[in-house]
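Next come two complexes built around subunit A: one with subunit B, the other with subunit C.
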Partner chain A sequence: MTKLSTSAKVYLAMVFIVLYAPIFYLVFYSFNSGGSMNSFESFTLEHYKAVFEDSRLLVILINTVIVALLSALISTIIGTLGAIGIVTVKDAKMRNTLLSLNNVLIVSPDVIIGASFLILFTMVGIKLGFASVLLAHVAFSVPIVVLMVLPKLLEMNKSLIDAALDLGATKKDIMMRVILPYIQPGIFAGFFLALTYSLDDFAVTFFVTGNGFSTLSVEIYSMARAGISLTVNAISGLVFFVTVFVVIGYYFITSRASKRTEGQQ
Partner chain B sequence: MQTKTSKSALFPYVLWIALFVIAPIALVVYYSLLDLHGNFTLDNYKAFFTSVYLKMTLSSFWYAFLITFFTLLISYPTAYFLTKTKHKQLWLLLIIIPSWINLLLKTYAFIGIFGLYGPLNAFIEVFGFDPQQMLFTDISFVFVSVYIFIPFMILPIFNSLDRLNPTLIYAARDLGASAFTTFRRVVLPLTLDGVKSGIQVVFIPALSLFMITRLIAGNRVITLGTAIEQQFLVTQNWGMGSTIAVFLILFMVIIMLITGQKDKGGRVR
Partner chain C sequence: MKQLIQATIAILVVSALLMYAADAMSAGGGKSGKDTLTIFNWGEYIDPDLLKQFEKETGIHVIYETFDSNEAMMTKIQQGGTAYDIAVPSEYMIEKMKEEDLLIPLDKTKIPNIKNIDPYFLDLPFDDNNKYSVPYFWGTVGIVYNPSLVGDLDFSSWEDLWDSSLKRKVFLVDGAREVIGMGLNSLGYSLNSLEDSELRQATDKLITLAPNVKAIIGDEITPLMINNEAAVALTWSGQAADMMYENEELDFAVPEEGSNLWFDNMVIPKTSKNIDGAHAFINFMLDADSSAANADYVGYSTPNTAAMDLMDEEVVTDERYYPSEEQRDTLEVYKNLGPDYLGKYNELFLEFKMSIR
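Let's look at the complex of A and B:
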């Protein structure tokens, strides 16, 4: 381990400044009483007030959260079942095919996912709106859940199941009391990731949403195209604080968990 | 676990694959063979090989190349220095946090920053330059894209650097290799996999960006993604849009084969 030179530290500092500058820039001007992001007049919370008084925006915010929670829940169920199913497939070729198909939606550009889902929903006759957005979010979240759960299943010791069987456990017992508790961290990680992907998605939603339904990303896009509005800054301020809050919580939970397992060893 | 009940767990998953993986791709290929009136035709493919679309494809590749190149140029040293810091996981987390902020919000920030009365122009005016319209230029487009992709490039490179066995570096130094030779002959080849997955997670999305081109480049830059969005949502010519999508899928497969390796990288949106 060599020590960092000063120039390396300066370089890292520069990268951090560039990464965070736009975010702080947005948050800073969200408190600006002037109407633009150019000159700061005086401190105000009116833009935050505007967010909470704009019932249309609040509906969109609720939509976004509902779609994220529902799609994460459904895709976690399908994905977990899928992962459990995949490990039971004995044929190596078949298993690899399933895994490659699983990765298609992960590597595909959003534009292609969006466009192809638009064709699919139109052909099947699903009305564009809440249902199509929810289905699309479930669809692109499933493979992520599978990838989070699968490693946990693979590292699980098979003799745990044999032991349970020897002790007279039924299939249901094995699923509920052996497999699911063991892969629980993978399931939670999958749910959490699916949630963040859904909250963050713009391109796919943009394709499959109709006129009457909108999520936060799509709304910000149309607001940004219309020009600068400090309401967007206030939204980004809120998003930023929530994100940091979640990350800090996540960091403490995982570091405590890893300390605990280290202590056991 | 080799029971019938766990086999039946596979059912909803296989249904998902059929409906949302296989069917959409088949439909895109099918639609690429239709004209505006729903008749079978190869005209869309013919149209793709005209100079308009070939030029667009070429420029899309050129921008994707520039974006990937600059992202790599900035990310590799960053990842390298990060692995040398104390509390490197915490620092890495701090690099990742901006990628969790909504992409649209970050892009929106740059509309203000690059604007005619924005801070960047205020800054260059201090040095006596006239304010420039920086929004709606190629440079601003590349800059914002690089900004967006940096965390996604750092992550795989950091992981491969972190896995690198330090004794290999000590051995190289003991054998008289200079710092630069050690880097070129030992560190770089052993972290090439990370670089490859970094390129993969940047290049493919860079080919298909469309909202950054609209918001920052003001329709000056047309990528394959912009063209698909245009054909589907504005012109309503799903046939041509699907044809471009088919080619984008082909390019994607080729890039995956070139940069392919066993472990997969993350996902960028």
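Let's look at the complex of A and C:
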């Protein structure tokens, strides 16, 4: 890689400052004993304590994580199979149509998706709650996973499959030992993207929550009506730290994987 | 491949553990059984200790959910899906819900504590004889301002908003009824006016306010006023109370010409599965002690006279939140205007918005 020029470095630094400043501002005030974001009085952990004492808020936080993990997992499985399916379609026109249909779901407004799910679930008779939220999250994550896995599949050399066939591999072998390992980085990327989509989704989730089941985004939104209290800052801070850890974990998984493949070569 | 399987198993194990944790934690809040009560309320609009106390006293497990707008609340109730036993809509929404046949008439014999409510707040046009609703909190629309930034204006009259010293200093709440209503009030008309000429005059008058208007926004007004980034804002008394709690410099005034009187009310939606429990909850909330505790926590004005006797003298005699009888006579509750006039109000509000540059 060529070295960045000074102006490029400054520009990059500016972009990162703009992106991270609001988060740091928010996290900074979560340690404020003053009770508001006007002025910083002194350091305190009372808002974090308040989060951990509020069992309702904690349950909501845990629910949010469960929904995110499970919906990301399920949509990754469905999306990966879907991407493989789309690639194997021979007719180019048909394949493009399928891809466009996939993309339409990504760009359609969340509010509309949410409202249609609400109507569908109540019509079919699915009780609003954990199941409905999970289903909705899976549904809007699948197209994203498809989009993340697809480039890897297209990039894969078809001769790999031919070679495997020549060596006597069965269909199952090809799937397990050739295709899936090859597209693994795409699968992980899709999983993590689905995870973040699920974590921060408000509009869709708002429509399909019910019966005491709620997620963090919905809860914070209705809390914010009375002005953002520092408990919100504290919980947002916690989520931010967890996300950072997840990203670091993801980095280690991928770098270990790439080292291993390098070692094999 | 091995990695994919490992990752999948890891995710499943973590999810299972988290589910177990969540389950253990919510069990601490009370045994969940057939006897549950699902409450749908605005965010941060109840003292959480009261829910615990109610659970303890009655043995009914409470599921508490929140919404952020009347419209969203009604959509969820209309669609079913969740069996809400209690909802807390504002007065105009109650009229709509009545029209859509979404509410269950209240059995007054099960709510003896309704005697605690000030008769002034009962039997109002949106719900004759309180057939479907009992008041929860109430308030007004007025002007919150920072005295150090507005000179000697005290906003005892709506005219003060037009003062030339307030150029680009006024925030308005983004609501057609509130803003057009203010225009009508400033001319001495009713804020439920159905006279086209009055509405025209009010809009024309509002357009002359345009140079003073800095922005028309929603809940974001709260942090802006708290941080002294704005001098004057038209908003609801409850929101003003929040701002003044955070920033003691601020003051609130309801102009003499009159203004809006709003209500949030407890109702029992048709979806209710625990009607007895819902009545018990309403009665519990109307109890003097719980009303007082709730008003202390939430900071809005309570319609409960028995509770006011228990509350801090300074709070309940504060005429900014508990207006004098004399001023009360100038306040009006929104009437349902019907779709035609509602559309007209929205159109005029849009015209006013477009005049702001």
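FYI, the second predicted complex is superposed on the first by the 218 of 265 C-alpha atoms of A that agree within 3 Å, B and C clash if a C-alpha of one lies under 4 Å from a C-alpha of the other, contacts with A are read in each partner's own complex, and residues count from 1 in each chain.
As a working rule, contacts are C-beta pairs under 8 Å (C-beta built on N, C-alpha and C of every residue); 3 or more make two chains touch, one makes a residue touch a chain.
Just so we're clear, the structure is a prediction, and the values are computed from it rather than from any experiment.
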item: Partner chain(s) touched by A:R177 [first = subunit B, second = subunit C, both, neither]; value: second
item: Partner chain(s) touched by A:V142 [first = subunit B, second = subunit C, both, neither]; value: first
item: Touching partner for A:F240 - first (subunit B), second (subunit C), both, neither; value: first
item: Contacts of A:N63 with subunit B and subunit C, given as first, second, both or neither; value: second
item: Of subunit B and subunit C, the chain that contacts the larger number of subunit A residues; value: B
item: Partner chain in contact with A:L118 - subunit B first, subunit C second, else both or neither; value: both
item: Partner chain(s) touched by A:Y221 [first = subunit B, second = subunit C, both, neither]; value: both
item: Footprint overlap on subunit A, comparing subunit B with subunit C; value: 36-38, 118-119, 206-207, 221, 224-225, 228
item: Subunit B to subunit A touching residues, read off their complex; value: 1-3, 5-7, 9-14, 16-17, 19-25, 27-28, 31, 74, 77-78, 81-82, 84-85, 90-91, 93-95, 97-98, 100-113, 115, 117-119, 122, 147, 150-151, 166, 200, 204-205, 207-208, 210-211, 214-215, 224-225, 228-229, 232-233, 238, 241-242, 245, 248-249, 252, 256, 264, 267, 269
item: Parts of subunit A lying in touch with subunit C, wherever the complex brings them together; value: 35-38, 55-56, 58-59, 62-63, 65-66, 69-70, 72-73, 118-119, 121-122, 127-129, 132, 176-177, 180-181, 184, 187-188, 191, 206-207, 209-212, 214, 218-219, 221-229, 253, 257
item: Contact footprint of subunit A on subunit C as seen in their complex; value: 1, 3-4, 7-8, 11-12, 14-15, 18-19, 21-22, 25-26, 28-29, 38, 42-45, 48, 63-68, 72, 75-76, 79-83, 219, 222-223, 226-227, 242-243, 246-247
item: In the complex, subunit A residues that touch subunit B; value: 1-4, 8-9, 11-12, 15-16, 18-23, 25-26, 29, 36-39, 77-79, 81-82, 84-90, 98, 101-113, 115-120, 123, 139, 142, 144, 146, 158, 161, 171, 174-175, 179, 196-197, 199-203, 206-207, 216-217, 220-221, 224-225, 228, 232, 235-236, 239-240, 243-244, 247, 251
